[in-house]
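By letter and in written order, the chains are A, B, C and D; residue numbering begins at 1 in each of them.
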Amino acid sequence: MADTTTVTVNIRRRPSISDPQGATVARALRDLGHDVSDVRIDKTIELQVPPGDADSIRAAVTEMCEKLLANPVMEDFEIVINP
Amino acid sequence: MADTTTVTVNIRRRPSISDPQGATVARALRDLGHDVSDVRIDKTIELQVPPGDADSIRAAVTEMCEKLLANPVMEDFEIVINP
Amino acid sequence: MKTAVVVFPGSNCEHDVVYALETLGGSADLVWHRDTDLSGYDSVVLPGGFAHGDYLRTGAIARFSPVMAEVNRLAASGAPVLGICNGFQILCEAGLLPGVLLQNRDLKFICKPIHLRVESTNSILTRAAQVGDVLEIPLNSYEGNFTAAPSELASLESAGRVPLRYSDASGNIDATNNPNGSTNNIAAVSNGNVAGIMPHPERAIELILGSADGRILLESFLESKVSSHV
Amino acid sequence: MSETLPIHQALGMTDDEYADVCDILNRPPTEAELAMYSVMWSEHCSYKSSRAFLGRFPTSAPWVVVGPGENAGVVDLGDGWLAALRIESHNHPSFVEPYQGAATGVGGILRDIFTMGARPIALWDQIRFGPLDDPHNRYLLAGVVAGVAGYGNAVGVPTVGGEVAFEECYSGNPLVNVMCLGIMRKEQLVLGTAGTPGTIAVLLGSSTGRDGIGGASVLASASFDAGSDTKRPTVQVGDPFEEKKLIEACLELYDRALVVGVQDLGAAGLSCATSEPAARAGTGMDVDLGRVHVREAGMSAAELLMSESQERMMAFVDPANVEAVLAVATKWEIDASVVGTVTAGDTLRISYNDRVVAEMPAASLSEAAPILRRDSAQPDWLEGLWADTLEYRETPDITSCLLEVLADPSIGDPSWVYEQYDHQLFLNTIVGPGENGSLLRIKGTEKALAVSTDGNGRQCYLDPQRGGANLVWEAALNVAMLGAKPMAVVDNLNFGNPEKPEVMWQFIETVEGMSLACEALGVPVVGGNVSFYNETDEVDIYPTPIVGMLGLADPAPRSVPRLDSAEEGMSIWMFGPQDSRNLAGSAFEKIIKGHVGGRPTSSNPTIGKAVIELAIALAQQELVPVMHDISDGGVAVTLSEVCIASQVGAHVAYSSWAGLFAEAPHGFIAAVPDNHAAAIRAIADDLGVPLNELGTFGGDHISFDDTRGGVTSIPLSEAGVAWSGAIRSRMG
């Protein structure tokens, strides 16, 4: 049995916020001859937390996201608790 | 019907490669009072490509990963073709 | 007036800011980010650098430093609070200024002198300057590309809270003289007694180093009095 | 493949070396011992192929405080100030992973400087790649520059100059060298010594992981070929944030006199940081690996001893100060662990999990390392190369030649590179990148330090002795033009495979040439680095020594000559030898003719010294607003660079077109204002430096008149476009 639970947080830049990195990568891929219409680059944060019930883990990680992991001005987050 | 297919590429730093960013974020979360034993930060790239059969999409995206998106000496990648 | 220059782990412009403020007749001390008492100070500078390595997002971790409670208190009391470069990013993350600073449009670090046009004198950075002045100041950043939600941008612009924009040497403001993709060429943002600036005025106070145009900005800051802008 | 090799061979050790280890220990080594000897005796750590020849360098002068052998050289600047300087290569790691390779190169050279007690104040990078039309070379350039920027900017040390060059021979083997300069007050000097028995060893900084295991011995001490992927150790990842905290913590320790010695952990990690300080102190040491803070569980003793995890330092501390040292670490938010105790005798004893895993004379790891006298022989192709000179029957089209040379990435504007580097931090940079050299003031004094770093692989390939000497003269002239007197050299010797006699010959000749020039100048070599095995698929790079010259301007001129200060009406004078120049190995022949042959002009110490004195006098007396040395591309390029920077045209006369593009040491041009002409002429005559009035600045064309009435006139704007796009247009 694992002694920690893995939680994956996907941090996604809001569509309204420009993404210079995604735009640059899209251009580079097209320069290399690939047919790509859009690229977005986001962050995935994987946390090891003490095991517990899903609700309390979700509550704790939500707090981490709101406080630190995501910037509400430009990002949304989604939490996946790995089974 | 969507006129593009969404492909998600998860780029993960190999476990043997040190991740100073993850370590710093772990320390910050602990300073804020959260119980977190380990943090890793990876990249997710979402591409819009022309629809087609899964095999040829996978082949094209694999080439993009090998050439540009992933760093072969430090990272592994995983391709998910969204249905 | 005595200024606290906050040192976060990873700050690196703190000594330069103290040197510049003192050269201009001010008085400044370095204070460590774990300090919890700034009662002896009547203004604050958050200097440039890479607080906490800029990991996660620039300024994201620094905003939780113990000293930030005092920075908030001083800001609320009307004391001048200035963020330069990384300090600007921290003030945005802390919610003392609106918006965020994204990676530069070309995804490259930029270190070079650029021109700024004074757009408003209603800020702790520009009160001694004149609208239309063009200043040459070094830019030194990877994440200097300012953006904000449309409603925030609209209110920044309509309230004249953009004291400085990127321009050319004659003061023209357009996409060709926007070094980093910043929305509306915004180089600095003001919120009453709080301001953030991306280029480094402390690097432009002596001609022997290339330009003395940063003096007027730091002199404005030193002349700003508590509560004068609230 | 290697599965059947004995373990010492798999670690890169020869059978003879293995026998030596058995002799030293009087028994076969344990696995941990073998690991330690293999890294410490690797080419990279032991200098076994080069040590016998490096003794040729002159290393002493009254102002040398610490010469070669310590982590960095240290010189006395007067009034209680010292400067520490060093240069390092990270060639192979940068080929494997350009960003991290360059970044960790910066991190490593910084540690060499602050280990000595000095605050690092500036960096210079010298980088070389294959041609930019190959996308892989563009990828390497972009990655290396981003790595230098990513680490240097974040750690908070400005990169104030450097070099960038392109040549086919670097395609499979880019060169990434980095130089660092630090300053300190005299009382802050610390050496890499373990102190006296009872002293406590405290490991500071990052945790130890499996990063770069075998990196030093494997990467830097062997060649690359198509099948070498499997040999590559884990890429080391730099953490500038950790290093920044480590710098501040160490400087506080020195300030408060809390340490007796310090050693950084670079190549060979803990093996080196325990054995070398003990050897220097003539002591032994007991080390407990179980107390090392680690980032991965289950590491073996050998792995802990060989790990090259970055951002670590070993401090040697009086037992009474250990608490205070740990408190400083806590304040700066870095980890620290007490890992050892210095002992009487000379035995280094390493234990792990209550077992002794290694026990040997501490000095045997460094001082008993083998010294090889490898065979050397002049290459059999060399004389043929010297004879291979081009005959020119007609005058080439000067306009198109000049524009093509200016647009070459090795000649044109390097600002695409240095605009990515913070070059102003600390407010010392009086002259930054883009000029003859860099000039940094020391605040609170009248002093300024000048540095120029120079390399020219093509000339050294054609004649390593002449080439090596010419570089020293070029670097010295560059600092002299900033008003500084040359005072110390650090060098980075990038060479091919030393097992080939012609490579050893190139190496020995280069050291000879550099030594002769340093002796003539009275400038000591205070430190350096050797990088061998720069070859790919058996093809060696050009021998590529890099010279880093430090000069002191005391006082600093108030108005320093710069390239952008020429004005309409000023005269253009050329100083130095007027007709010894030569097209052999020149940028002109390489770029326009695709030719590398002939024998470059040699230096002339008498003229060389006089020219340097002249340049210092002109700068110190503020007689000329512009000086620029004649190097790659000859007078034509030197003049064009001044015109482009100053935004003013020029009109000059020439007698032979080849003279416009030929290259030779000791020449420079200056912009001469009328009211200073007589004074300047008097000083030059007095010093015996020939001069030639070439023409005047003015207009918006760069014009060359031949003596028979022909005029070539190039719009300044066209020259500017060619020059500025050299790298930028290729890199986007």
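A few points about this structure:
Here is the rule we go by: contacts are C-beta pairs under 8 Å (C-beta built on N, C-alpha and C of every residue); 3 or more make two chains touch, one makes a residue touch a chain.
All of these numbers come straight from a predicted model, not from anything done at the bench.
Between the interfaces A-C and C-D, more contacting C-beta pairs are found at C-D.
The distance from the centre of chain A to the centre of chain D, each centre being the mean of the chain's C-alpha atoms, comes to 41 Å. Work out the mean CA point of chain A and of chain C, and you get 29 Å between them. One inter-chain figure worth recording: chain C and chain D are separated by 36 Å, centre to centre, where each centre is the mean of the chain's CA atoms. With centres taken as mean Cα positions, chain B sits 10 Å from chain A. Among all residues of chain D, those that touch two or more other chains are 239, 241-242.
With touch defined as above, residues shared between interfaces to two or more other chains in chain A number as follows: 67-69.
In chain C, the residues touching two or more other chains are 52-53, 55-56, 61, 64. A list of each chain pair in contact follows: A-B, A-C, B-C, B-D, C-D. Looking at the complex, you find that chain C touches chain B at residues 52-53, 55-56, 61, 64.
If you check the complex, the residues on chain D that touch chain C are 146, 149-150, 153-156, 239-242, 244-245, 332-333, 415, 418-427, 429-430, 441, 443, 558. Interface residues of chain A facing chain B in the complex, by the touch rule stated above, are 4, 10, 25, 28-29, 32, 34-50, 60, 63-64, 67-69.
Note for the complex: chain A touches chain C at residues 16-18, 20-21, 24, 67-69, 71, 73-74. Of all residues in chain C, only 56-57, 60-61, 64, 92-93, 98-100, 102-107, 145, 147-150, 181 touch chain A in the complex they form.
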